[in-house]
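Here it is, the structure in full.
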Amino acid sequence: MIYEGKQKIWSDYQKEIPDDHYFYVRSCIRQSFFPASEATFLDITRNKLGKDIFETEHHTTCGGIAYHSDTIPQETVMTIIARQFALMAKNGYENYVCSCITSFGLYCETMETWREYPELEAKIRENLWKSCKLEFAKPKFLIHASDLIYKYRNQIAAQAVRKLVNVHTGEPLKVVEHIGCHYSKMFPSKGVGGAEYPYVLVGMVEAWGGEIVDYPERRHCCGFGFRQYFIKGNRGYSLSNTHKKFESMEPFKPDLIITNCPGCPYFLDRWQYVIAESTGKTYGQDGHGIPALTYEEVAGLVMGYDPWDLGLQTHQVGVEPLLDKMGVPYDPSKKYLGKNGKDIGEPLPCACLK
Amino acid sequence: MVDFGFGLVPSSRINLDLFDREKYEKLVAMEPDAKICMACGSCTAVCTAGQFTPTSLREAIEDVFNAKDDKALEALKACQLCGKCSMVCPRGINTRHLILSITKVYSKK
Amino acid sequence: MKDYRLKEGLNACINCGTCTAICPAAEFYRYDPRRIVDIVQSKDDEEIEKLLKSDTIWYCGECMSCVTRCPRKNAAGLIIMSLRNLSIELGYFIESEKGRQQYLLTKDLCSNVLDYGYCVYPRRFDYAGHPEAGRVWEWEEKHLDDLFERLGGNLDGKGTGAMRRIPQEDLDQLKAIFDITGATARMENVRKAGEKKAAEWGLTEEEFIAKIYTDSDPKHLNH
Amino acid sequence: MKNNILIIGGGPAGLEASAQLQRMGYNVILIEKSPKLGGHLAKWDRLFPDSVQAEEVLGRLLKGAEGVKCFTDTDVRAINRLDKSYNVRLTNGITVLSDAVLVASGFDLFDAVKKEEYGYGIYDQVMTNADLEAYFKSGSDRRIEKPGKIGFAHCVGSRDEKSGCRSCSKVCCATAVKQAIEMKQAFPDAEVFCFYMDLRLFGRHYEDIYLKAQKEYGVRFIRGRVAEVSENYDGTLLVKAEDTVAGKPLKVTLDLLVLMAGMRPSASGKAIGDLLEMSVEEDGYFAVRSGIAAGQRSPIPGIFLAGAATGPKTLPETLADARAAAMEVDRYLTEIFPDAKNYKQLVRERW
């Protein structure tokens, strides 16, 4: 691998990310499965970086999952998107930051389609007024939340209490990145680093002291496939695609997987559980899995957040070996406690996966 | 082991790393023309058995190359050795001999 | 066919196969996106109708990896979306096992959007239907309120925050959008086709749903 | 009086045209921007279809052009159109008054780095057709050490709108077949794969080398464009394509992948074109007066074109084109130029 070759491509795909005043829009999956990640993102940007990042209670889903499951027409999803944009403008913002990759891809596609077919944009504008009495607007900058963390990765490194380094050996942790397909595969220029060698997560990992490991199936989809996961009869597709990725990354012995898409960490985590419980195969050391974390969780770890505040207990793959390597202090007895130490039981143990 | 109601799905991806070179060398020693097929499909187009069964010499040759030996045999199983294919092959391959050779080399028996 | 995705997604295909080479569905289903593009551009109505009634168009996972690869700037994924759209409009989707899944998907996802303003809503994500969500979700499901509180969420709460209750006025706007952009009509269309099929098979709705949720004919897969 | 003719570009087209025009008695000035004459030919080892040494062909071309006034390391700084000739200022300080200008600016090889998913310049074991020729000439390349499995990816920077190259580069299929054979000759135990979309082997004997590659060397031809390349743990390559004949995705582990970089309009040719305000077509190559009837005349009177400046050509085609251009220049100078009084009218009628 020739590192300089990648650097050249990275320099070709730099996108403009504004400095401040962001309108934040949540992700359905991230809220459902990783609520602490979004909370951490807002805490870092607002309180650690001092940015103005606004959220309105009135925003909704963008409809992306329903759309990519082919349950609603394109015109519907475009009008919902127009409504989100209108809320942004109504609140005096023009920098739109979304937490979801499916949304991000859909926003890019929508804006591009409007640009190419102005008559469609006019139709959506009319739809928006008829249904919501809102004024049509478009963001000046469209960015994914991981773009923001990427932009401030060095400031985060400056405030970090630890690095992505194995404290016992002094070696950098080997990190595998997984970029959500809709981040830049459709519009390479909209993503930091492009579609083939995205830099958005690599930049974070490098800034925080880890070592990125490239592996053959890096670009392959996690296997979500919308309908291919939601319907039980289709889940073999989803599982098999993740399996293909793990078989490919196995020889590289990664310590950690970092992701920027809401669904991917869920699938990369849970499919390891299913593979372990149904075949006995595990991919980490001694029967453990490889932790698949969100970029907010990784940022939180290097900045010294408590792992249970970050929600790492809601991963099925145990994160303790990673925490031990990084030298993160944690109290095992507090892992599954509710707020203020409330006892809410704990999950049953797995048969195979540690 | 837990039954989730679904599981890993078999892959259909051609993996050329599985190509059995030794067997293949045996085949081309027997019938060197195995190497010169252009995959034009003339043989399959006129195949008598192919009208009623999934018979295709073109596919069988492809399968041999693609390390899908079983599929190759399957694609020739119903061949009657009528020889129409040898009349149309633009590369003049002795197709009947090739079919017999493939069957001989790749049969499990 | 007036579909912007088709305009965007279809230029003359040269059958190079770069889409199929990296397609997550092509390896695990009996599926070849290149052939779909080829059939669509053939403009052979009979073949296209067959396609619309088949399982084939439902194998794609809409990951859009093919979009990056095509040397002719085609987008097989967008073409598929457009075909699915048409299959639903014409009621053909109900003819195939994979297409029929639209009945359940539409019911679940659209009601999540209209009832809560989210595509996914944790209280409707049950461990029984999702055993792969793991022991950890089995536990989470029982303690959702406590866990959201613990993790800085705001499940069904007022104001902002993860999984807050979205105000009714906003849900009303989503409903209005659904009504004027054809989503409501599509839901109705799909519902009727499903009910008809269930009646044809002599199944209650519950039985029908259970069937389409789990049915998986081995013919979809490679041997 | 001998007419001055300026030829821009010292590759095969420029050399051959120089030789011909010199024989006709013209005063030829040949300029070449690089330090060496010969263009891409000077960097190539052997040529399809009969594996003749490139050096031998180049030697013949150089011999033919002996006596021509040659400036290497020289480019055009400015061109002014006078009443009937061109005043050309060169970068070496010399000014040439030229009655006809022949642009033989050739082609650039497609920059394979731009085809990002193939990882040229990133994955160690990926090289280009030009790199492989350099290896054949020098006998050493860090990437080549007894490769067991070798792939050739056709159409890299050809027939690819994503890379902005819609057209076919014409020569790569035959080059790939030639190089595949040469690699088998160098490494008889290797397995060699060619990934193609169409095998465009149109020329005389080209089909023969295709058959030879199959029959004598066992080269495997796979109908499917390479979709993606990545690097395995041991440094070998994972290459993905569809076998479109089988209709299935395919993967193979390779020790070496050779990218058949296609022809692109040359950047320095474009600079000359800009100076002359000479039009190019959508594909970036210079427009000609008439593709069929006057393929060596530019739309501008007195400016001629030869070789790959007007689109991808094989070497024999380039040489034939150069000879044709010489004839056209001669016709222009003898028929029109001497009659200074009617010059403008004649040009209007006959250009």
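As written, the chain order gives the labels A, B, C and D, with residue 1 at the start of each chain.
The rule is short, and it goes like this: a contact is a pair of C-beta atoms (placed from the backbone, for glycine too) under 8 Å apart; a residue touches a chain by one contact, two chains touch by 3 or more.
Note that this is a predicted model, so its numbers are computed, not measured.
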Per the definition at the top, count C-beta pairs in contact and tell me whether A-D or A-C has more. A-C
Suppose chain centres are the mean of their C-alpha atoms. Which chain sits farthest from chain B? A
Would you mind pulling out the distance in Å between where the CA atoms of chain C average out and where those of chain D do? 49
Please report how many Å separate the Cα centroid of chain A from that of chain C, as a whole number. 21
For chain A and chain B, what's the span in angstrom between their mean Cα positions? 46
Tell me, which residues of chain A touch at least two other chains? 195-196, 219, 232-233, 235-237, 239-240, 244, 274
Multi-chain contact residues (two or more partners), chain D: 117, 223, 228, 243, 248-250
What positions in chain B touch 2 or more of the other chains? 2, 4-6, 9, 11-13
Show me the residue ranges of chain D that touch chain C in the complex, using the header's touch definition. 117, 155, 159-163, 197, 223-228, 240-244, 247-250
Flag every residue of chain D that touches chain B in the complex, lowest number first. 191, 193, 211, 214-215, 218, 220-221, 223, 243, 245-246, 248-253
Any idea which chain B residues touch chain C in the complex? 2, 4-6, 9-13
List of chain A residues in touch with chain C within their complex: 26, 28-33, 35-36, 38-40, 55-61, 63-66, 68-76, 79-80, 83, 105, 113, 116-117, 120, 127, 130-132, 181-182, 185-186, 188, 195-196, 219-221, 223-228, 230-241, 244, 269-271, 273-274, 309, 311, 313-316, 336-339, 342, 344-350
Contact footprint of chain D on chain C as seen in their complex: 11, 14-23, 26-27, 32, 34-35, 68-73
